Amino acid sequence: MAALMQNEAFQVALWAMVKVGIILGVMLGVVSYLIYAERKICGHIQARTGPNRVGPLGLLQPIADVGKLLFKEEFIPAGANKVVFHIAPILAVFPAIVTFSVIPMGPPPMFVVTDINVGLLLFLAMSSLGVYAITLGGWSSNNKYALLGGLRSSAQMISYELAMGLSTIPVLLRTGTLSLSGIVDAQAGQLKAFDTVLPLPNWGIFHWYLFLPFFIFLICSFAETNRAPFDLPEAEGELVAGFHTEYSSMKWALFFLGEYMNMIVICSIMVTLFLGGWHGPGVDKFAPLGLVWFLTKLFALLFFFIWVRWTYPRLRYDQLMGFGWKVLLPASVVNVMIAAVWLYWRANA
Amino acid sequence: MVPYLFLGFAAMLLATALMVILHKHPVTSALFLVLSFSSLAGIYLLLQAEFVGMVQIIVYAGAIMVLFLFVIMYLNLPHDVEKGAQIAVRRGIGWMVGALMLLFAGLLAKKGWVAGPAATAPADLSGGNAAAIGRVLYSRFLFPFEITSILLLVAMVGAIVMAKGRPASPEGEGE
Amino acid sequence: MIPTEWVLALSAVLFTIGVVGVLVRRNALVIFMSIELMLNAANLAFVAFARQQQSLDGQIFVFFVMTVAAAEVAVGLAIIVNLFRLRETVFVDEINLLKG
Amino acid sequence: MNLPMLWIIPALPLAAVALNMLFGDRLGKKGTAFLACGAVGLAFAFAVRAVLTLAGRSEEERQIVETAWTWFRVGDFSVDVSFLLDPLSAIMVLVVTGVGFLIHVYSTGYMAEDPSFRRFFLYLNLFMFAMLTLVLADNYLLMFVGWEGVGLCSYLLIGFWYEKQSATDAGKKAFIVNRIGDFGFLLGVMFLIAWTGSVNFERVFASAPHLFTAGGSIITIATLLMFLGATGKSAQIPLYVWLPDAMEGPTPVSALIHAATMVTAGVYMVVRSHVLFEMAPVTLEVIAIVGAATALMAATIGLVQNDIKRVLAYSTVSQLGYMFFACGVGAFGAGIFHVMTHAFFKALLFLGAGSVIYGMHHEQDMRKMGGLATKMPVTHATMLIATIAIAGIPPFAGFWSKDEILAKAFATGHYGIFAAGLLGAVMTAFYMFRLYVLTFQGKARFDESGGHAHAHAHAADAHGAHAHDAHGHAAAHDDHGHDHGHGGPVKESPWNMTVPLSVLAVLSVIGGWVGIGKPFIEGESWMGRWLEPVLGSGPHVHHLAVSTEFGLMGLSVAIAAFGIFMAFRAYLQQPSIATAMHERFGGVHRALYNKYWVDEFYDAIAVNPIYQASMRLWRFWDEKVVDGTVNGVGYFLEGVSALLRLFQTGYVGTYALFIALGVLALFLHFLRS
């Protein structure tokens, strides 16, 4: 046993396990309070107070919700494909959790679970797997609203994945690495323009050719997480509740969990790619400050997500597809070219 | 540790691949295929081909198999009914051919038909697997790469043309 | 370090599974999937050799094979959909218009 | 180095062809005309620039070779697409582009009302491209490309009014007759390839003296074959029959292709290959005799023809005969000189004739003309100049070149040929002035009020002649709602026709002065000096005494004057003479009028037998043997496929199984080895 403890590989694995456990636990808490935050913010946006009955300021509301969901009746519709019906909610959560393993949440090695050199690709791969949960969930329910919702959502996700992937390419062009840690490292320090140090951090978003990609990425994130104004798969007015119409109890909760986890993941990626990751004042002196900075940026973005959801109306389906294919995709392609030419010129100037 | 991981992935790969061809429902087959592609991606990672492994998931699991699922759902296919003497004969022949193939492959392997000596001069791997692949792809394989893009364009046009179907003819054929 | 022979054996078995799938199944979609299995078996061999030869050419080939596979699937599925519209079946033994 | 860009000269007309094909329907007539003329005009400008570059060099360096690309390469044998500009091709390229440009301009007027205006200029530009390729080629194969190209365009343009049976027949005749010559030319080139291993002029000429014995059989056969090609293209006995019929084409075509440029390609080829021909005295002898015979025979036929264009056609054949016997007696420079002057005045004659035909509303029979001198003053004046030029009166162009040919023939001791040339000259003067008198002098033999009899006894040079036949005169009149309506009064042609006429008239006067030589100035003529780098110092002839030179000149002027006098006498002052002559020599007249029945003779000995034999071959060989074999193969394959069809189940699974079995078989093979 002692020998095992001495084994370096085992230690790495063990530490990774510990980190994964912490992340999982924290994540569940974060998600439940994210839901609370959403309801609270929504309430204030709509000039209400939001949940305020359970506990002080309604802070215990999430726990009550979880309890309710756990004790609800599991309902499986007749004619449903049972296996797939069970697998789908799991698939909704799994990719988000996997992606978290490569996100650097603070200075290494403490705050990084693992740093593989194709981290960004892993994120893209996992987000492309997100389609399965919705498609399969919609299909296996044997319900036409669910099926339509599922198909809509997968078409939407596939479409916006392209623009999202393309909008990351200028970042890669600048940093020259697929590793997320590498990308964060490339954003350290102050911004320089033609050898002049500017009073701005060297974040991706402050490079002019990464500004448009950031917005494209942001818009695509809304679509990828099926949030307003792109929440067509769950458009209540048209499709009842979309792909999870037939889901109830914990399976429904898993879908819900998956949605919010995806939101957290995608915001983390955005922070990593464009907002300097965990970099911020004082990190070099006190490493855990990196985690604070990271979470600050993350929560700011999450707030923005919620804010947008309760502000904008939903798009029509053809508008959604048209916007994705005819505006975002060409814009990101053009931006890739401009960035490539610019960087090539800078490199050779 | 790596060999055990490899064996695990290999076992999963073969099991899921077998399920693909054995299971009677196309959707299940497709899902098993996704799984087997994912385990294949794991094997690629173990073989120091990280880029290929990730692309394997993005392309196969993220795009190709979604397309398969779409089509299966669109056609609303039920369980395959595989009964009757003819199909039994088919199945017999098929498995026999498969067994023979494996047997022959094993015999060839016994004759020393296996991987030759390892290369002495390793490729330039600086900057990681993806960067190295990029260097080769955009220099030595630039022309095939461009041709591939044309192939994709052609396939896209072909798929769209076929999916649109023929305009309804006066006799009411087609749609 | 995994011996190349192991990977090749795995590739051979995977390929054989693909062959058997093509031969025993009559659902065009499953046949298609089996073909994908075979392509992936070839890819696996490519990657194995690439590692053994310390050369990236094998991985480049995998890249091209994937491209071809994607194109093939797009067109092939369109064909199957059209076929289904026309004949109401995806079973290849019910499609024999080209019988000599 | 300032390259003259030779390739652009033929490329310009080709580009015009392409543009015309692609966008011609949007250009309209004006645009098409501008495009076509502009391309040729630009080509002329480039040609002038190139020739000036050439002239700016010292004599030894007067040769520009420009290789565009390697056409093909087979083992050691390679052919380049490359262009050669030396003094010889310089003259040709200037004549072709210059005269070609004038004729293009002229055509915009002449063809103005033709519905196929665009097609006409398309063919015309294509012809220019082919002709320029021919003269600028630096090897025989590329030359052959141009050679075939001009043949094709000639065919297309002769049959331009394809609604007319006679035009299509004439086109086919020209094409087929030319094929015989082309075959000879190709064989000759193959001989050269076989013995010298190259088609490049420079290399062939450089190696020829080492490879062939002078006067040997191989070089004789090769040159004779090449001369056969020349007889086809340049309308010499025995292949001249196509040229008179080619007059079915539009008149500008006759001027450009069948007078000024294409028909001289044969002469150009012979002169270009003079190194080879000089090594084959027998061939030269043959050329001289054929040329003289052609000159004489065509002249006699020309005496009695009534169609204005046919007279000119026979005159062309006859003049080409002069060029060839010049080559035959070794006076290659004189031949090229005559090519040039002939291009000027014969183009002018044709264009003038076209102007007359245009003014006369597509009447070509000279018996129905007359007295046009006052009605068409410009046409009359320019035609008169050309007629004098061809008759050989100094100082007009034709005199100098014809006289040089005759003098060279005399100087080299070919007295018989010289005599034939003189005889031809007197006849030339006679029939040309007969044409002139019948057309322009005397009383008008048509209804001057404008009700010109529209009885086309022979198919006239008229676009849409069939339309006239079909709808009658009134309908046709409506079809052509323009100021030169059929039946309007005879009047002068528009400016775009008369200006080229005038330019050519000037050239017909002064064009010959570059060749003024021995008796007037010291040393060689300017022309001779210019051509010297290509042709060498000419045949070794003992120079004639000045007195002899002047004597010869006087003789030729005298007989020309005699011919002119006779023409005026017989056709203007006392028409009875002509009638009396017809009656007196009825048999001869009939023979001449019917062109010695050569066409009928060819029909009898070649065309009909081939036709009959082909019919038999079709019935027996094609239907029985070839078809039988083909069908037999078909039946056999059908039987085999009936067997193979058993494998073609139509089930994709079966095919997959076969593939798998094939893989297994491969495995077995590898296992055994």
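Letters A, B, C and D mark the chains as written, and numbering starts fresh at 1 in each.
Everything that follows uses one rule, which is that a contact is a pair of C-beta atoms (placed from the backbone, for glycine too) under 8 Å apart; a residue touches a chain by one contact, two chains touch by 3 or more.
Only a predicted model underlies this, so the values are computations on that prediction, with no experimental measurement involved.
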**Request:** Name whichever of A-B and B-D has more C-beta pairs touching across its two chains.
**Result:** A-B
**Message:** Centroid from C-alpha atoms only, then distance subunit A to subunit D, rounded to Å. What do you get?
**Reply:** 82
**Item:** For subunit B paired with subunit D, centre-to-centre distance based on mean C-alpha positions, whole Å
**Value:** 69
**Fill in**
Between the Cα centroids of subunit A and subunit C the separation in whole angstrom comes to 33
**Complete:** Note: subunit B sits from subunit A at a C-alpha centroid distance in Å of 29
**Message:** At least two partner chains per residue is the criterion; list those residues in subunit B.
**Reply:** 51, 55, 63, 90, 93-94, 97, 101, 105, 129
**Request:** Specify, in ascending order, the residues of subunit D that touch 2 or more different other chains.
**Result:** 653, 657, 660
**Request:** Provide the list of subunit C residues touching at least two other chains, using ranges where the numbers run on.
**Result:** 19, 22-23, 26, 93
**Request:** State which pairs of chains touch, listing all of them.
**Result:** A-B, B-C, B-D, C-D
**Item:** Residue ranges of subunit B touching subunit A (in the complex, touch as defined)
**Value:** 1, 25, 27-28, 31, 34, 41, 50-51, 53-55, 57-58, 61-63, 66, 69-70, 73, 127-131
**Request:** Within their complex, state which residues of subunit C touch subunit B.
**Result:** 1-2, 4-10, 12-27, 29-30, 32-34, 36-37, 40, 43-44, 47-57, 59-60, 62-64, 66-75, 77-82, 84-85, 90-91, 93
**Item:** subunit A residues touching subunit B - in the complex, by the definition given at the top
**Value:** 9, 81, 83-84, 87, 116-118, 121-122, 124-125, 128-129, 131-132, 135-136, 139, 147, 151, 154, 158, 161, 176-179
**Request:** In the complex, go through subunit D and note every residue touching subunit B.
**Result:** 653, 657, 660-661, 663-664, 667-668, 670-671
**Prompt:** Contact residues on subunit B for subunit D in the complex?
**Reply:** 90, 93-94, 97, 100-101, 104-105, 107-108, 111, 113
